[in-house]
Structure formats: C-alpha cells, structure tokens
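Notes to accompany the following structure.
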Amino acid sequence: MRWVIGLIAAVAVLIALPLVVESAFAIDICIRILLFSFIGVAWNLMGGYAKQLSLGHAAYFGLGAYTSTILQINYDISPWIGMVAGGCVAMLASLPIGWLCFRLRGPYFTIATIATAQALMLIFLKFRDFAWGAEGTTIPNLGNAPLMMQFEEKAGYYYVVLGLLALALAINYKIEKSWMGYYLVAIGEDEDAAEAVGINAPRIKRDIYLISSFLTALAGTFYVQYIYFIDPATAFSFNVSIEAALVSIVGGIGTLWGPVIGTVLLETTSALLQSWLGSGIGGIQLTIYSLILMAVILWRPTGIMGYFYELAARRRARLVKA
Amino acid sequence: MADALVIKKLNKRFGGLRAVQDVSFTVRENETLALIGPNGAGKTTAFNLIMGFHRPDEGSVTAFGTEIVGMRPYQVCAQGLARTFQVAKPFGGMTVLDNVMTGAFLHYRNPEEARDKAREVIEFVGLSARESTAARDITTIDQRRLEMARALATQPKILLLDEVMAGLNPSEVDQAVALIDKLSGSGLTIVIVEHLMRAIMAVSKHIVVLDHGQKIAEGNPKDVMANPEVIRAYLGSYAHSPNGGVA
Amino acid sequence: MVGTIIQAVINGLLIGGIYALVSIGVTLIFGVVKIVNFAQGEFVMIGMYISFFLSTQLGIDPIVSLVVTMPVLFVVGVLVQHFLIRRVLGPNDMPQIFLTFALSLLLLNLSLMLFTANYRTVHTWYSDEAFHFAGLYVPYAKLIAFVVAMALSGCLWVFLRTTDLGKAMRAASQNRDVASLMGINPDRVFAVAFGLALALAGAAGSLLMPFQSAYPFVGQVFVLMAFIAVVLGTLGNVIGALVASLLMGIAESLGIQFVGADSGLLVVFVMFLLTLVFKPNGLGGGKAR
C-alpha cells in the first residue's frame, strides 16, 4: 500500500514538474534523463536480464530516427505513425542482426553488435539518394504541431518522453514478473542449464531482442524530433550504445529501476560539470562516466540497486536474528 | 514393461578421441539403470548426447518411441527428459525458489502455480530452509539437491542423474538413496551415473559399464561385478590415476 | 587495371602489417588472460602521442622512438593487468567486457581533454619519399612500418616458441591448469602477456606516426579492424591473427579503390558479416555447444 501511494505521488510530481520549473536548461536536463532512462530500460531488458551485452543499440535508435524522418519529409506522414513504423523496421532489422550476433557468445557477441551498428551508420553515410548522406538534414519546424510531434514549449517533449518511459517500465515490470522474466535471467546466468530445463533460449533471446530494439527505435524518433536534425553520426552515434549500457550497469543491471537511477546519477553529474566548467572542455563528461563505470565494476558490480538490495537483505537478516 | 529410452549404436568423437563408441542399451519404464565406469569412460558424454548438448556422429536415441537425436536440449526436455549436471550449474544470482521455478514454468506458465509446484519439489529434496537464499551462496551439496529439484520441477518421465552423490557423507548417501527410491516409487524412469558402489547396489538392479567409450558389460549387479573385464577396467583406472579413480 | 589492383594490394598489405601488431596483441591477451581488451586501440593512440612529443620536443625520429614507447607501454600493461584486470578475472563476462571498455573510454576522453581533438602530424625526411618501380608506388614510411611490424611479430613468435615464459603462455592459452603445473606463477604470465600486447600496440603507434596523424579517436579505427581480424583468424592464434590482418588490410584497400574512398571499412564489415554467416565455427567466439 505504501508502495502504491509512493508511486502515485512520484507520478504527480513528474507531471507537475514542467509547470513549476521555468528554466529551459533544467527541463532539457529532465528530458535527457527521461530519454536515456527509457533507452536504458530498453537495453536492460536484453542486456541486463538476459546478459546479452550489446553495444550496438544505436543501430535501432538510428533506424527509428531515419524511418520517421524519411516518412515525414518525403511522404508527409506524422512522426507519431513514423515512430511506430520505425519500431517495426527496427524489429525487422533485429531478426537478421540477432541471427548473426547470437551465434557468438560473450565479448564476441558484443563486438559483433558494435560492428553491425557501425556498418549501418556507414550505409547511411554512403546512400545519399534516400537519406541525405553525411550532411544529414534539418527537420522543418512547423511551430506548435502536436500532431507532427512538434511543440513550442519543451514541456510537450517532456510529456512525450515521460509517456515513453512509463510504457517501457510497464512492459519491463510485466516481463519481470512473468515466466519470461525468469527465463531471461536463467539464460543470462547459464544458457546450457537454461536449455536443460526446457527453455528455448534462441527463441527467448530473439523475442527480447525484438522488444528491446522496438523500444530503442521509438527513442530515436523522439530524439530527432526534439533536436530538429538528423545525420548518420547523430542517429547511429556510438555514444547512444554506450550510454544505454552504462546507465543500466551503474544503476543496477537486470533491475527495473536500475537504468533510471543510473541515468539520474550520470546525467546530473554531467549537467553539474557543464554548469561549473562550461561545455568548452571536450571529453570531460565521458571521462567522468568512465571513471564512475570503472568504480562500479570494481567495487559494486551489482550497481546501485544491487547495493540497496544487499542492504535490505542484511537488515532482514538482522531482524530475523533479533 | 515398455521401453522408455532406447539407445542404439551411439558414437561420438572429439577430434581423435572416441569418447563414446557403438554404445547401445535400453532403459525400461520405471527402471533405475546405473551407468558406471572409470573416469573418462564417456558417461557424461553419453548424457550430453542423449539430452542434445552434443550431436552424436552416429546412432539413435528414442524416448517412448520418439527419435530425439537432432533435437536441441530444450526440445528433449519437452519430451519428458531431465538431467542434472555433474558440475552443478545453478543460476547463481537467483534464489533457490526462483531456480526451481524456471523448471516448473515448463508446465505451469502462471508464476503462482509455478511457485507452488517449485515449493513441493524443494520440500521433497529437503531444501526448504534455503528457499530464499541465492543459489551461489548455498553449499555444493545443496547445489546438487538444487540441480535435482530444478530437473524434477520440469516433471520428467525420465531423469538422468550425473554423480549426484559425490562428496556426500554416509548418512547423506542414505538420504539420497531414499530419495531416489521414492522417485522410482512414483513411477519415474531413472538413469544414474555414480562411482559409489554401495549406492548403486541400493538403487539399481541393472548396470551398464562403460570403459574408454565402449560398453564392456551389462546385467545385474552381481554378475557385472564378477565380470573380469570390469575388474580389469577398474584396476587399470587405479593404476593410471594417481588418486585412485573409483571410490 | 591490373596495375591498380596490384597497387591496392600493396597498400593494403603495408597497412595490414600495422593491423597485425594490434591484433596479435588482442589475440595474445585473449589467449592467455582470456579477456578481450577493448582498450587496445587507445594504447596505439598513446604510442602515437608519445612518439609525437618525442619527435617535436626532442627531435627523435618516430621510428627510433620505438625504444621508448615499447618499454613504457610494457610497464603500463603490467600495471593495468595487476591493478585492474586481475580483479575481474572469473567466469562472469560482464565486468571484464565493461572494465576494459571503460578503460578505453577513459583514455580516449582523457586525451581529448589533454591534447584536444586536433590532428598532430610529424614530418620526417622520408614521409614523402617513395619507391617507384614498374608504375607502382611504395611509400618508404609504410614500407619501414611493415618491415618492422613483421620483424616484431617474428620476435614474438620466436619468444613464444623458445623461452620458458613464452611456452608457459602458449600452454596457458591452451589450458589454464597446464601453466600452473609448469610451476610458473600465472599472475606473472598474465602480466607479461598484457605488457607484451601493449608494447606491440605502442610499437604500432610509433610506426604509424610518420604517415598518420595522431588524434584521440585514431585508435578506434585500428581496434575495430583488429577485433575482426582476431575473430576471423580464430581466437588466441598469433599466426591466424597475422594472416587475417594482412587480408583485412588488402580487403579494405581494394574497397577504397573500387567501391569508393569512404567504403574501405564498409567492405571490411561486410566481409566480417559474411564470415559470420558462412563460417560461424571458425570464429572462436562461438563456443562449441
């Protein structure tokens, strides 16, 4: 019961936030936090629960971004529809990519995912006929056009990405509580043992990859609508792949709230750095991120959520003894 | 009684090594068959071949009349076969209960039902006190119990047990023997790999002996133990391995 | 036409020598320590910056500066192995992958902060010189780099075949327990393997400097190439990595020549993906079931 009240209160605060906060900079940070939490949750479904450590999710981010933008600019189709279409394109793409990459295990799976995302970026760099090549394109600004996913106020974008995150968390929650969640963790722990108890590991991995890439593609559409610009380097940015994994690991791999907590920590750190030092010094953000990542891996491999669980378990143990 | 598991002319090579050579045997329904042999005889490999973890080079395996060679392990499991691993493979980060639930999901997709079924099996193998401990934090002996519980949760008709009694003290062996008797009493067909002769004699009336991948003897315990080839195989293994192979 | 092809093959072969140094390092670490070093390319980058500063500050020729970069990076490798890698060795993939990955990010972004994204170039007397024969063109700088790279690979091969430590490494890459049976402290074997691999990366950096600009992202090009070569050449196999690297260089060069200046990498990726499709088991990463 306390749990439900807490959740309702949190949702109320999140909905009221843009009405209270005036600063565009602050809203922008909130949007970034929600967006990367969303991407993190999408990654975590596959990377965290099933431990299929992909560093190629930018592939789906980019496919989502390009699908909706091409549909919008060339065919005047609303990005709302384009977003779903992008998700479907990403799902289709994940089938052959998954078929290839899942043949490898461990670090070589990771490398193969990097390679496929990079290959997609190179393809979009090369083919200017349907996708504007390396220069990319700006997305026409229509003023306030909610039906075309464009808003004059940043608050509009805020609510869109808040909705996306809520959707992803709901999906994640459902999966975690069902047989699928148990199967994912089992596959992540030991694929042979998982198959021995009747788990069709290839199919489960394929299915979760479909879901994960679909969600990641939605983020891509949202992002290019938000910045009004697309080019291969942005849409297929390796940084997207990195951050998706990073926020999950720092926050707590394979937990519902891990990616959200990880993103809050990393993005506020980076926003603080930016306001102290200005954005003049290139590389400082990722320098700090990588130090945090190393610290987490060396001292808290279960992430922040894992640490909370340990504390809770210890407290329970003490209560039992007392 | 009907045949549960029929193995015919099974062969597996690893590079130049013939790990399993022309092995055939039949397990009757509700029988407990013991598969024995010195270290490296090919017992675990035979299990891997039956369960689909390795693909045999030649040979056939039928379970209740269905050919299962060429199936993947999860398909074999769906045919009603389950196994334990000689080196336990628990899902370390999950609790004991969750581990066993993954097995129960095969027949009960609803988590509540799966949980109930899992609890029954955990109770049966005597792990209830450890139910909410992470599997990586329980003793190796408890991990073997967990292996059994997880396999049983899939409600198999044929159970393959790979050295589940290794490292147990005498009273624990008695418990394990009682457990296997109880399983057999409930109608299960069991193939057990074990080095401990006392336990084998207690649970099984039919023994198959492997050595260097080949079946060298088969029959009731007394005849098999008196078979000169078997004695030679075991003596040879004493002579070769510094710590004396067989328990 | 034939001339163009031969020229492209020569170009590819020469750069493939550098790829070989990087991928032999990756494969050595994978074979012995059983981890994939995502930061290998960043050590090439560090090697390049060391050579760059030695050259601009002290006037030392980049190729001569090998004698500095290799020992420095060897020590760095031993330290990295001792203080970082050693702590995450175990059955779990996640910390291993992301520790070296974090190290790669850290080095890359630190150098972005320290050195900015500017391109740094060293101009030597042989930078613009080349052999000309039969209409073909072989730049001195790349030729020297290739020859030295092959010589270093040869030295490593001899080291692995003849010395006790080298034999222990080969044993370790086949079976962990054998190494400890040989009475050699595995920690030492690991540290030396890591050191050697990084020394090779440093050497690659120095050899690149006369014809390639240094910038923080430079290592990424090489490491990607190296990973692919290592996967193609079967993991943990030095000769395989060498041959695969040379082939990758040639494929890339042919791609640049015949598909377009920006398509070298694309061709290589396509090759990689095709290999995944048709030869998944030759790729050591796919564990036998």
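Should a chain be cited, it is by its letter among A, B and C, assigned in written order, with residues numbered from 1 in that chain.
The criterion applied here is as follows: contacts are C-beta pairs under 8 Å (C-beta built on N, C-alpha and C of every residue); 3 or more make two chains touch, one makes a residue touch a chain.
Just so it is clear, the model here is predicted, and its values are computed rather than measured.
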item	value
Innermost chain, taking as reference the mean of every protein Cα atom displayed	A
By number of C-beta contact pairs, the top two chains	A-C
Reference chain A; chain at largest CA-centroid distance	B
Mean-CA-position distance for chain C and chain A (Å)	32
Chain A-chain B separation of Cα centroids, rounded to whole Å	43
Length of the line joining the C-alpha centres of chain B and chain C, rounded to whole Å	47
Sequence positions of chain C contacting 2 or more other chains	289
Sites on chain A at which at least two other chains make contact	192
Sequence positions of chain B contacting 2 or more other chains	53
Contact footprint of chain A on chain C as seen in their complex	35-36, 84, 87-88, 92-99, 101-103, 105-106, 108-113, 116-117, 216, 224, 227-228, 231, 235, 260, 262-263, 265-266, 269-270, 272-273, 276-277, 280, 283-287, 289
Complex interface listing, chain B residues touching chain A	51, 53, 72-75, 77-78, 82-83, 85, 89-94, 98, 101-103, 105-106, 109, 111, 114, 150-151, 153-154
Complex contact set, residues of chain A against chain C	51, 53, 55, 100-101, 103-112, 114-116, 118-119, 122-123, 125-126, 192, 242, 245, 249, 253, 281-287, 289-291, 293-294, 297-298, 301
Complex interface listing, chain A residues touching chain B	177-179, 182-183, 185-186, 189-190, 192-201, 254
